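What follows are several structures.
Each of the next two complexes has chain A plus one other chain: chain B in the first, chain C in the second.
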Partner chain A sequence: MQAIEVTRTKIPSPWQTLRASIWLEWQSRGNWTNPVVYTLFLTLRPLTAALVLVFMYRAISGPNAHGAALGFLVAGSAAWSFVEQVMAGLPQSVMADREEYAMLKYVYITPQRFILFLVGRSVPRMGTAAFSFIVTLAFGILLLGVPINPLQVNYPMLLGSLVFGLIAIVALGLAFAGLTLVLKRGAWQMPDAVVGALYLVAGAIFPITKLPGWLESFALFVPLTHWLELTRRALLGNAQTFSYPIADTRQVFLWLVITTIGTLIIGVLTFRICEHFARERGQLDRTTGS
Partner chain B sequence: MASSTSPRPAHPLRLGLMTLIGRAYPRLIAGNREPDWLFYEATLPLLRVIAFVLVYRALGAPPEYTGFVILGGAMMAFWANVLWSMAGQLHWERQSGNLELYLMAPPSLLWILAGMAFGGMLTTLTRAIFITLLGTVIFGVTYQITSVPLLAAVFLLTLIALYGLGSMLASLYLFYNREVWAVQEMIQEPVALVTGMYFPVRTLGGLAGSLASLIPMTLGLDAMRQLTLGGQWIPLLSVPVEIALLAILAVGFVAGAAWSLRVIERLAKIEGRLSLKWQ
Partner chain C sequence: MCWYHHTGHGGQGKRDKYLESNDTPAVRTIDLRREYKTRGGSSIRGQKAGKNVVALDGVTLDIARGELFGLLGRNGAGKTTLIKILTTLLAPTSGQAFIDGMDVTREVTPVRQRIAMVSGGEQSGYGILTVREQLWMFAQFYGVSSRVAHQRIDVLLAAVGMSDQANQKVYALSTGMRQRMNLCRALVSDPEILFLDEPTVGLDVEASRLVRDYVRRWMSENPRRTVLLTTHYMFEADELCDRVAVINHGQLVAQGTTNDLKRSLQEHVRFQLELAEWAPAFVEQLRLEDGVMDAETRQREGRTELRLALLREEMIVPTIATLNNAGGRVLTLKRIEPTLEEAFIRLVGDEAEAGSEEVSHGE
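This part shows the complex of A and B:
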């Protein structure tokens, strides 16, 4: 009698999971068209969002004005690509997998960690956001006279703040991806809506000192606020016009690190709790039709 | 012996109106049944509007610019509705398998789109009113309405032209699949730019402003701002000219939608695109 041979299959390593999810996201995001149209797709939205602010500025300051406030607006708008692409993108990917392609349950039953799969899916979005960020800034510098000198940019500060900013953005994306699993209605609108709210709270396009006192205090507990401020300080140097509640750059960085750690803990916990409820209630393959 | 009776076909107009009401019904009911729309579709978009107002305040803009942004934000709700719930709708219906049912039903697809437009307009109107009222109260904006009938005419013509444009796009999207989502994302923000959603469209320059007038929102917003806000800003054209152009656009887009829907539906049938999914 022939014995049944049992072979032990290796559980995929985290790197394999990451690699597969990065490739999946890249394909699902970009293989609907050719590279030229895809580049246009990546740049048109952030570029025109920045241009809206430029024309608002020119409506007030005159058609040829290009003062420091212009740099403030363009830098904030360009950096916001990361939030739109990654933070809003992660929950949208989960929704598309579940409702449009009906494949979330198959992803879920594979021998890998779902949270790692989602982190992997955010990586191509970080790349496309970085591309949008660079193109928007280059457009601003070359054609709109935005006062940023690429030779005087504080690159270590820019990259250091970006690392922590991205950790916070991914953590928030995970939290909202978890929420989409349990929401009955509004799951499609929720990511964009939250991005819109943070646009206000984090002072993406205006100084947070313009917010009411209580909201300004709250903004200091949002890591994106400090990340945007450090990005502006790194890009604009002394050309900053608007005030910030914390003057010392090292203190701003410290605030960014602390609030990022807090956001990471809250984000992962929120995701875990929502995931638990979604499994308990059988919502992982639900179609809301919303 | 049982006799087989075939139902008498309804008069085309009656059938069309019944279809319109039938398709508008879910828009109105589903859109308002749960109060969470107050949060997702009115309060959170308002936060974005507030951000733009604070930009103007940081730049030291005159007070009428606050009204500019609030009106723009309210009209943005209509543009988002046209884009995502009109233009993209036939694509979503195809994804969910409803499009075949629509095409098998006796009424014209145009009546179905008209129902979606009617329901969408009324539902979005509640969001727009909410954004305008709350924005006005928060920032203490005062309006100087010079003519209510003209304002109503501009508003109605803008909506008819906009939803006509949305219907045209809906038929065009029958040729596309996954690209639809990307195209929608690509055109949403540029339209906010070229129509002067948050600034006087004249700032773009005379030529760019004139070209942007092909999108009904440009003329509609400019005329509504002239009729409601005072101040020293320079409008694109005079209100009567903008009304005349809006009327032309409204007729053009509605007729264009009827034509394109007929032609593209036929072509999509020939190419077998009406039931394609996930391509």
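This part shows the complex of A and C:
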């Protein structure tokens, strides 16, 4: 028999870890069915979510329904797919690796950076969320008359806010992935519960000025609030913007940057602390059967 | 606690030479202790919920580089807990553990560069990947280039008889095939220290033998390689291990070579003789002989089998002379070695296994 080549194991480069984890997530997400069914799945879910909101709004507003509000709803709903897929997806990946595939312990004891592995797992989710975002907006523009002119969209602002928004979303995802490591029961439900709470607070479907004062103040410290507002301003223009406590777009951007940095620090710290406790308590390879 | 001298009988010449030249053990634990806090309504090992359960209690152990070391113990004895600590999955409550001289709690990344683990009795694996994809992915996590990874994957899959399954999805593999793949997954990084936690549990005879054969072959390829194997199967430990340790209720109760372990727990030296004919006077005279502790006979397939328990090995010579004088004719003579299983049971007692439960989580 041929002997295998012997070389001292190295620390993998960040690119090796990212490439392998991105690829793993992509296979996990898309490999369960054929591409047509998967594309349909990616399209239908955000579309129906947006349509539910639009029809609810029309049913309530009747003849008073106007394009700006429609744009607010569709843009917010379209962008929310990033939160649903990336932020809620990270803890779900951790749960699946630990409980379903029983592989978390084997991945964890490799010399790669575990946090980078999780970041890599979020990248395909960003891609599918971007696809849902574009499809939902296109549907809104073409069939619902949402006032977005693709030629007048502020693309630099859209991309800039998306970069910071995604950093904040991944940081929150890491925090919840860490909590998943130490939670015993109900960890499957936690991501949905958190996404639901943020849906209410971050101004996804109605302006945060409609919230009670204390909750509005809290919303300003959530980076998703500013990211959604900047996304809307980039897509719809300032004239179409609903009420928002900060008028100046540069100030909104500054708020986004500051709150994103804060969220990143909190997210990574939370993950590290939870990881430490999970290792202390022997929870990294636990299967709860939940 | 019984400590037996390490004789290192299983190594080849180059391995022995390597062992002599390296002082830093591959694995070292010093007074290692791990407690779990129980919570909820259930109890573990009969201890009430809400109390601390001691899974490891002052474990001190050295495993030399190049050794295939076996850790034996009942369910819940602490074997898996020790492996979890050594593989950086679990923090010890107190004490220290080192891999190649590096602290498992403080030098996590260098430790992880040197180790890999395979656990038995589980259906682990990313089912949506093919066997080759899964192995490639793990090679990436260990910093192995894709070119080297694919070479190793080919060699490993061929060695465990899975070349035809390389492009098969993991979910379609049988338990035995999946375990062979998991062995390849652990070996694709060419670890220096391999932890095998009951790797043949649930496997059929053929798959178990293949795993054992390959582990032995893998060890013989490179004197740097070290294996820590936990198992319930005594014959597996007897067949594979250079040395073994027995762990019971979190404490090491014995360690040494399997032969040392078996012999040291044997009260008397036992022989089995086959006699050409039989007379009651044989046994009567033998029982009068100094150093003969017991003698019993039985008829088996028309022949007489005589079993003797002697105080010392050399007493067999006068004993046979006595037999000859009494008219007995010895056809065959063999020394009866105690089995590792007998030694194990003598060490840990014969407590019902149902009463002990593996402490694996801090629940």
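Definition applied: the second predicted complex is superposed on the first by the 274 of 290 C-alpha atoms of A that agree within 3 Å, B and C clash if a C-alpha of one lies under 4 Å from a C-alpha of the other, contacts with A are read in each partner's own complex, and residues count from 1 in each chain.
The rule we apply is simple: a residue touches a chain if its C-beta (ideal position, glycine included) is under 8 Å from a C-beta of that chain, and two chains touch if they have at least 3 such contacts.
Just so you know, these numbers come straight off a predicted model, no measurement behind them.
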Clash-or-fit label for the pair chain B, chain C on chain A: fit
First, second, both or neither for A:13, with chain B first and chain C second: second
Touched partner set for A:56, first chain B, second chain C, both or neither: first
Chain B versus chain C as contact partner of A:35, first or second or both or neither: neither
Partner chain in contact with A:107 - chain B first, chain C second, else both or neither: second
Touched partner set for A:283, first chain B, second chain C, both or neither: second
Touching partner for A:204 - first (chain B), second (chain C), both, neither: first
Inter-chain angle, chain B to chain C through the CA centre of chain A, in degrees rounded to a multiple of 10: 80
Touching partner for A:189 - first (chain B), second (chain C), both, neither: first
Partner chain(s) touched by A:44 [first = chain B, second = chain C, both, neither]: first
Chain C versus chain B - closest C-alpha approach in the superposed model, Å: 5
Residues of chain A that lie at the interface with chain B and also at the interface with chain C: 32, 101
Complex contact set, residues of chain A against chain B: 32-33, 40-41, 44-45, 48-49, 51-53, 55-61, 63, 69, 73, 100-101, 185-186, 189-190, 193-194, 196-197, 199-200, 204-207, 210-211, 242, 289
Touching residues (chain side chain A, partner chain C) in the complex: 1-13, 16-17, 19-20, 23-24, 27-28, 31-32, 101-103, 105-112, 117, 184, 279-286
Chain A partner contacts - residues on chain B that touch it in the complex: 34, 36, 39-41, 44-45, 47-48, 50-52, 54-61, 65, 95-96, 177-179, 182, 185-186, 188-190, 192-193, 196-200, 203-204, 233, 278
Touching residues on chain C, where the partner in the complex is chain A: 36, 81, 84, 87-91, 109, 112-117, 119, 122-129, 133, 136-138, 140-144, 148, 151-152, 155-156, 158-159, 185, 187, 189-191, 217, 221-222, 224, 360-363
